[in-house]
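Letters A, B, C, D and E mark the chains in the order given here, with residues in each chain numbered from 1 onward.
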Amino acid sequence: MNIEWYVVLSSLLFAIGATGILIRRSPIVILLCLELMLNAGNLALVAFSRMVGNQEGQVFALIVMVVAACEVVVGLGLIVAIFRRKLPLDVDELRELRG
Amino acid sequence: MSATSWTWLVLLFPLAGSILISLGFRSIPARVAGVIGTGAIALAFACAVAALVNLLGQEPDARHHASSLWDYASAAGLDIKLGIYVDQLSAFMMLVVTGVSTLIHLYSFGYMRSDEGYHRFFSYLNFFVFSMLLLVLAGNFVLLTVGWAFVGFASYALISFWYRRTTATEAGMKAFVINVVGDIGLVLAAFLIFREIGSFDYGTVFAKAPEVFQSGEWTVTAICLLLLVGAFAKSAQIPFHTWLPDAMEGPTPVSSLIHAATMVTAGVYLIARTHVLFYLAPTAADIAAFGGLATLLVAGTIALAQTDLKRVIAYSTMSQIGYMIMGVSIGAYSAGLFHLMTHAFFKALLFMAAGSIISAMANRQDIDRMSGFWKAMRFTSLMLLVGGLALAAFPLTSGFFSKDSILAYAEARGGMYAWMAIGGYVGALLTALYTFRLIFRVLPGRPCEEAQHLIDSGELYHGPPINPATEEEEDTDVGFPGAHHHIAEQSWPMAVAMALLGFGALFAGLIQVPGVDNVLFGFLEPAFLDSPLAEIHPSVGAEWRGLAIGAAISLIGIFAAWVLWVSRPQLPALFRERLRPVYLLCLNKWYFDEAIDFLVVRPALAIGRFANSTFERIVVDGLITGTEDTVGGAGRLVRVVQSGFVRSYALLLLAGFAGLALYFLIVSS
Amino acid sequence: MNFHAPHIDYAALSPVIALTVGLCIVLMTAVSKPLRRTAPALTLLALATTAGLLIWQWDEETDLISGALRLDGLAIAISLIAILTAAFAVLLSTREPAVEEAGSGEYHALLLGSVLGMVLLAQAQNLVSFFVAIETLSIPLYILCATNLRHERSLESGLKYLIVGSLGSATLLYGMALIYGGSGSTDFAGIAAGIGKESVLGDPLVLVGIGMAAVGLAFKTSIAPFHQWTPDVYQGAPTPITSFMAVATKAAAFAVFVRFFDVALAPESGDWQAPLAVLAAISIVVGNVGALRQSSLKRMLGYSGIAQAGYILGGLVVASEAGVNALVFYLAAYAFMNLAAFAVVVARERETSYGDEIGAVQGLGAERPLLAWPLTISMLGLAGLPATAGFIGKLYLIEALVAGDYTWLAVFIAVGTMISLAYYLPVVAAMWMRPGGEAAETATPTPAIAGASPEADPIDPEAGRRVYLVAPALLAAAAVVFFGIIPQPLVEFAQHAGSSLF
Amino acid sequence: MEEVLFFGAAIGALGGAIGVVAMRNPLYGVLALIVHLFSLAVLFLLLSSAFVAAAQVVVYAGAVMVLYVFVVAYVGGDTESAWEPIPGQRFLAPLMGAALFVELAIAVLASSLLALGTDGPDVKAGFGDPAEIGRLLLERFLLPFEASSILLLLAAVGAVVLASRREVER
Amino acid sequence: MTNSLLWTPLLFGVIGLFLPRRAAGWWAVLGTVVTLGLAIALLAGFDSGAAGLQDTVDVEWIPGLGVDYSLGIDGLNLFLILLTALVWTGGTAFAAFREQERPHLFFLMMLLGETATLGAFLAQDLLLFVLFFDLMLVPFYFLFGAWGSDREGGPTASAATLKMIVYTLIGSLLMLVAAIATAVISADGGHLTFSIAALGEQGLGEGSQRWIFWFFAAAFLVKMPAFLLHGWMPDAYRAAPLPALAVFSGVLAKVGAYGFLRVVLPLFPDATIQFQEVVLVIALASILYGSVMAFTQTNVRLVAGYSSVAQLGFITAGIFALRADGADGAILQMVNHGLVVAPLFVIVAILAERSGTEDLREMGGMAMRAPVLAALFLIVTLATLAMPGSANFIGEFYILNSLFDSKIVFACVAISGVAMSAYYALRLYQRTMHNRKPEGIESREIGWRDGVVLAPLVLCILGLALYPQLILKRTDASVQRNVAGLSDTTDAELARQRGRGSEGQSISVSSGPSESRAAAG
């Protein structure tokens, strides 16, 4: 199976994730979409690692998983904090800062 | 001491006097100031005489010297020294200037006595004389310009001496600006001369001119025309004459000094001084001559219609200067200068007499109100008469000889110059007419109110201080009009000055009677030998023929004036009816003021107002506001895009990336 | 199977270790109230130690831990800038409400964590450590931005930063993946070698990868059009954090930007120089015009930061030693100028009810000269007027640009500077040319006052005299002037950094 | 055989992804993501990287997703309205997504890297096994490895700071 | 020597901060007086014949960037330095006699301004020049903005000042780029130096000269200000406090013209020759426009302001006649104009105090009880309108003469400005001092304080009027050297024409133009 297929697939996933961030307003879903994008990156990494035949890419992918986890944790923490402040869980409602 | 050292002294005294008076205006008492002022000029006159004597001691053709104190501004090849040039011409001029000025100072000593600005007046007066002397003594064109401009400024200061009088300040401004125009002409001429000859120094220039230029070459013509601008502006020749009549706003001594005896003659002097160039530029010379002719005729006609005592005399000045200009332009150098001298005498005298009368009229100057002063003020009237006779070239008076020597020369040179002579005679007729119009209006007849008051009480009539020009209340705290007026009968300095001038006016002509004696010409001629025109001499016979014609004309003119204004007083009114347009033309001074106002002043001011209101706002500020708006608009755009929606931020981010990626894809293929 | 532990040069690694240890210790203080008070001091201590160690390693140039890091002049210079900024931030954080909210220990630990990220980032020369470092830098900042929990704005800024930031990281990651694919290697040297190959040079895969990496880094350095988070986050975050972000993040990000592009991607420089130059121009314009007529000082500084980033990017674009020197010099100067400004802003927002509105500094010249002068100097410096480090910095940049045949960008810098005067000088005018009393009428009170009262912070009328606020301000301002008049030391500092790359 | 697996997994991954983006309810989104992640794990296996696949399943599908579920449960996964406040966004967003995909795809397909067209070189047995990866982590990538641990620590602290209900002492 | 001259004012200013309020002003005055003394000492020690730099200081400043700290004086800047010192003394004293709010800052800024200006004149390193050139603006931003007066219906002082700063910096910043470009390009990878002299020798490609020329020209023309670029001037002048304004328009405007002489002519000869006409057109426009504006203006400050526009137009024209006498005249005229404008603004201040207005239409008749004031004002006025006999006349005479030789048409147009100047200057004097005195205007003699400020300046005017050679003698040599590279063409034909007349007493100008041109090309 050609590596091309994997990479193209990953780019498609990346695009989908990006689109999700652009159209979804719930911060949780946006976090999910970020996960999608990072995973797309991972897929690409692994695919390339296979292509060039060294495992650095895989290690990179693992590290990315950790990073992704961290972002999720922080993100969810923020969401909880916002929820605590009785603020709407909608990124479009949070636009006091502008101009 | 050499002639030049004497001459430096001549320059020094008036300047010193002026500075001394102005510095001590608080401490020095008024009379002392007057004494200092008069004394300074008297001393200058003495030194002038000394210089003359010194000159006479030398060979006629060695009678020119240059001397300079220090490098005034010499760099990059320009040679501008603080130097003077003494020869017969400048010696003659400084004699006339200092001599007449001394008498005028003396007159002012009495006349201005009660004026608050006594100090100011005398320091100005001295400064004026200094400037005039600088003008005639300067040794290069730059210094000439300096003197030229100083004279202009001094006349400004004196014209607007009573500076609370708006008419006076306006007149002063007018005089100054027109004079500046003249200066510019002079400066440009200097540039051109330097460009061609590479020097500003009289000696160098006049020596080199003949070999540098061929006769009639455009450059030299241009130079002469530019010089003429200067000359005409100072000498109040058409079309630069309009300032002179207005200049009568100044105190009467000023009028007599500046606008008769000295300042206005500067143009004559300039042409005489640069006769070398003018000889090389015949066209320019002729233009000058015609200008003089035109002026003398036009001024004569205007003088006929005016009713302001001083203005009439002022216009007569213009026309007399016209004679001189014509004279020196066509080559009658000595004759022109001769007339300059005699004119200085009788014109100063006329103004002094007029001043005396005006005092008696409590500053009214309208001749229609005047009459019968013969009974009221015998001496003044006498002097007025003497001056009038000389002006009208009554036989054997000074004016008689000087004027006719010009016309005789013109006739002798022949060609179109002969026609000019005829024009000159016509002018003479006019002169006689308006002069005696004046005299017959003022002297004979039943004394007017003011004159009567003087006869009865022996005291001067005191009217309310009114500005005759605008009929508005005078602001008296600048002095004008003094608490008391002064007339020759009551103040000896005035009387003395007038008497001396009267003597000059009557008999000065006798130093130069054709075929009898040749004092003046003999002295002046050597200065002009480098111009072949100086060779032309009318024969004695021709001169006497001319004199005869002149005598006849002046007698006719006087008689006509008697008929018109004494025996048949209704006639003038009749003429006014019949020749209304002509009358209006003369009354309104041929509409020169209006023309200049329309052609120069208004456009300039209009442009200024346009620039100030429209251009400045739209273009200049437009540049700024335009930029401001563009930048501000961009800022507004940025802030609008900064909508606060995090998702639109993401969109822009990705868009940015898309663009970048697109670029790279294009590059890579 | 045999395992070879990598060689570790502890001396060279010591700064990182010191920071990590410090981090842990500070974190420990969170456990009890009395200990918590010591957190700032300990933080400062940790920072000082690290700085000391860095200076000790001044002339070092080595690869660390099998090439994951490289300690060299650039790394040390940038790390020092970051640490200095952090130290200032710690001082400014004294009595900061946000600190109480988050708890002093946690707050400072996070701060140190971010610094650690920066130090690593400045040294990173391997895609993996690069990515980890940049996240270690960012994630604590996401949190710190939001620490002022009672302020909706703080949370908002945190969330915005997190979302857009993660998006940026994702893009960066994908770009890295592509570059890795193209070059088959993750460390910079390998990448340079890999993409330098004839077959790969100019390959769309790699180029697009470069583009994505550029986006990620441009985002961190707030280059337009990836700048939009900047004003919002700067304004919403607690001011000490803003000051830290504004300077340190930029410095660290630029460090890796330079290292990655001028070392790893050097072979492709012909392709990326032009687009980056255009990005620089765009940010100069956007930043400067955006800052016009901003009433919030922090927001204004945010926009100005965008413009300044544009200037600095110029130093990278020319891909020359002079360029890097100029870049480092300008970063240092920029650090001082901004810190001075932010210190004053902190003081005023605690002292007056105007928050960071420009009204807060009105009449400052008469009221608090010791605050007015630093702000004035910093504004003049940012505007690039002579006798300040800002002027020399611009001079340095322009020189590099002209030498690198990017004169048009230099002209852009000049034009941008003109526009910038229109928002820097009004601040000066507000301080010196308007009476303080007037402030009451003219200045519009912040929503913080107008809006929900629970958000209102306590007002400390003496803040303008607190030494921990005035001293930093004066110090930074003094540095701005000093390096404006005697720039040579800073120039050498910059040259030491630049010389290590070329 | 491989093709079948690939396409199956690919479809799963895409489906999951689209599910995440499309599902109105966050909870469903989370579930869709889990599907996506599992499919990815399969792809990883196909790319002969067993350890990553495993980690994927354990870390993500295990830990992270649970976290998500908790939070969604806590804040209440109410469905968001379809109303779009940002003008143009609804139109531009998909366009942008498409553009991204097209550009990336072109970049990949136009790439002159020959290796892309292959299944990749033959790799020795154990490629991507835990042992290999572990060795790399401890040798070449020791620092990132350690750094990521610190990162995790910081993230945890952050989460506590943000989410913990603390009484601010004044 | 030059060094101490440069830093003395600033030193005094800084020390002044620590003195009591009342002392601050007098301390500042002392500082300026000391500076003036140093400047006079410089003049005394100056070697008139030498063309090169004297009293040079040259130490490395930023070796990393090739910037040196090098100062020096020659014929070009000697008298401008004197002017600066003198005018500043006057302005500061005038301010010290009056109550200033926040005196410490005010006088610090005044003195900082002096140091900056002196620096701009003294700098012999291109970058140092640019630095001081920009630095000059900073103190005046404060002076105008903080002590200026807001105009009702108009912009506030700070707004007007902001406009001025931004506008004038537009030029300066472009100039910064241009300066660096000059050095970098002419170094061409070699040793980077900003030394003006060195750059002049290295020379620059004609292509780069073109744009660099305009960047510099922009800076200088805006500073002057020249026609169309004077948009900042009216508001700023209206807002400015008069002591500061006196020094500002007395000296700072000259820096622009000086820049042309010091930098543009020697460094970019080809471009200069190429764009000679363009700049001359701008100069003419400034002359005419400034004059026309001046005689329709009713605000006293603006009459003076626009007259300066015209005067600077003359100076520019003189410089761009590209001949020695023109440049001589230009320098002379810079000094004259400085000496004239500064007292003019002092007088405006005095009049404003007496009449409570700055509108010509509401003034008048003030000469009555104030003969001394009137006399001083009159002298200043006459100098302003370049009355023959004043040094200003000599200045304009030299300028116009050179223009007449090189570009006769321009000269003929330019000279009309002289006539207009006569009108507006005299108008200014008349409308204020003469005519009827409106109600509520008092005519009071000037006190000894203002006398002390005014008299020395007027004396200098008179002194120069008597002996302008004082300046010409010392400038000529340097000027010859500076324009040598440019004036060969114009001088060649000149030589031909003059050849008809004298033996080359006129053409000491074209001393070895050929080789310097070769170096420039």
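Definition applied: contacts are C-beta pairs under 8 Å (C-beta built on N, C-alpha and C of every residue); 3 or more make two chains touch, one makes a residue touch a chain.
What you are looking at is a predicted structure, and each value in this text was computed from that prediction instead of being measured.
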Set of chains adjacent to chain D and to chain E: B, C
Each chain counted as touching chain A and chain D at once: B, C
Chain separated most widely from chain E, comparing mean CA positions: D
Chain separated most widely from chain B, comparing mean CA positions: D
Chain occupying the most central position, where position means C-alpha average: E
Interface with the most contact pairs, given as the two chains involved: A-D
CA centroid of chain C to CA centroid of chain E, Å: 43
Centre-of-Cα separation between chain D and chain B, whole angstrom: 102
Chain B and chain E, separation of their C-alpha mean positions in angstrom: 37
Distance between chain centroids, defined by C-alpha means - chain A, chain E (Å): 65
Where chain C touches two or more other chains, by residue: 128, 131-132, 135, 139, 142-143, 146, 149, 158-160, 163, 167, 171, 178, 181, 203-204, 207-208, 231-232, 422
Per-residue multi-chain contacts in chain B, two or more chains: 639, 642-648, 650-651, 654-655, 657, 661, 665, 668-669
Residues of chain D engaged with two or more neighbouring chains: 85-86, 89, 92-93, 96, 100, 103-104, 106-108, 110, 116, 140-141, 144, 148, 151, 154-155, 158, 160-162
Pairs of chains found to touch, sorted by chain label: A-B, A-C, A-D, B-C, B-D, B-E, C-D, C-E
Sites on chain E touched by chain B in the complex: 163, 167, 228, 230-232, 234, 289, 292-293, 295-297, 323-325, 328, 365, 367-368, 371, 375, 382, 385, 387-389, 393-394, 397-398, 400-402, 404-405, 411-412, 415-416, 418-420, 422-423, 426-427, 430, 433-437, 467-469, 472-473, 475-476, 479-480, 497-498, 500-502, 505-509
Partner chain D, residues of chain A touching it in the complex: 1-9, 11-20, 22-26, 28-29, 31-33, 35-36, 39, 42-43, 46-47, 49-53, 55-56, 58-59, 61-63, 65-74, 76-81, 83-84, 89-90, 92
Residues of chain D touching chain A in the complex: 2-3, 6, 10, 13-14, 17-18, 20-21, 23, 26, 29-30, 33, 36-37, 40, 43-44, 46-49, 51-52, 55-56, 59-60, 63-64, 67-68, 71-72, 74-75, 77, 80, 85-86, 89-90, 92-94, 96-98, 100-101, 104-105, 108-109, 115-121, 123, 127-128, 132-133, 136-137, 140-141, 144-145, 148, 151-152, 154-156, 158-163, 165
Chain C - residues contacting chain B, complex: 159-160, 163-164, 167-168, 171, 202-204, 207-208, 210-212, 214-215, 218-219, 225-226, 228-229, 231-232, 271, 275, 285-286, 289-293, 419, 422
Contacting residues of chain B [partner chain C, same complex]: 631-632, 634-635, 637-639, 641-642, 644, 646, 648-650, 652-657, 660-661, 663-665, 667-669
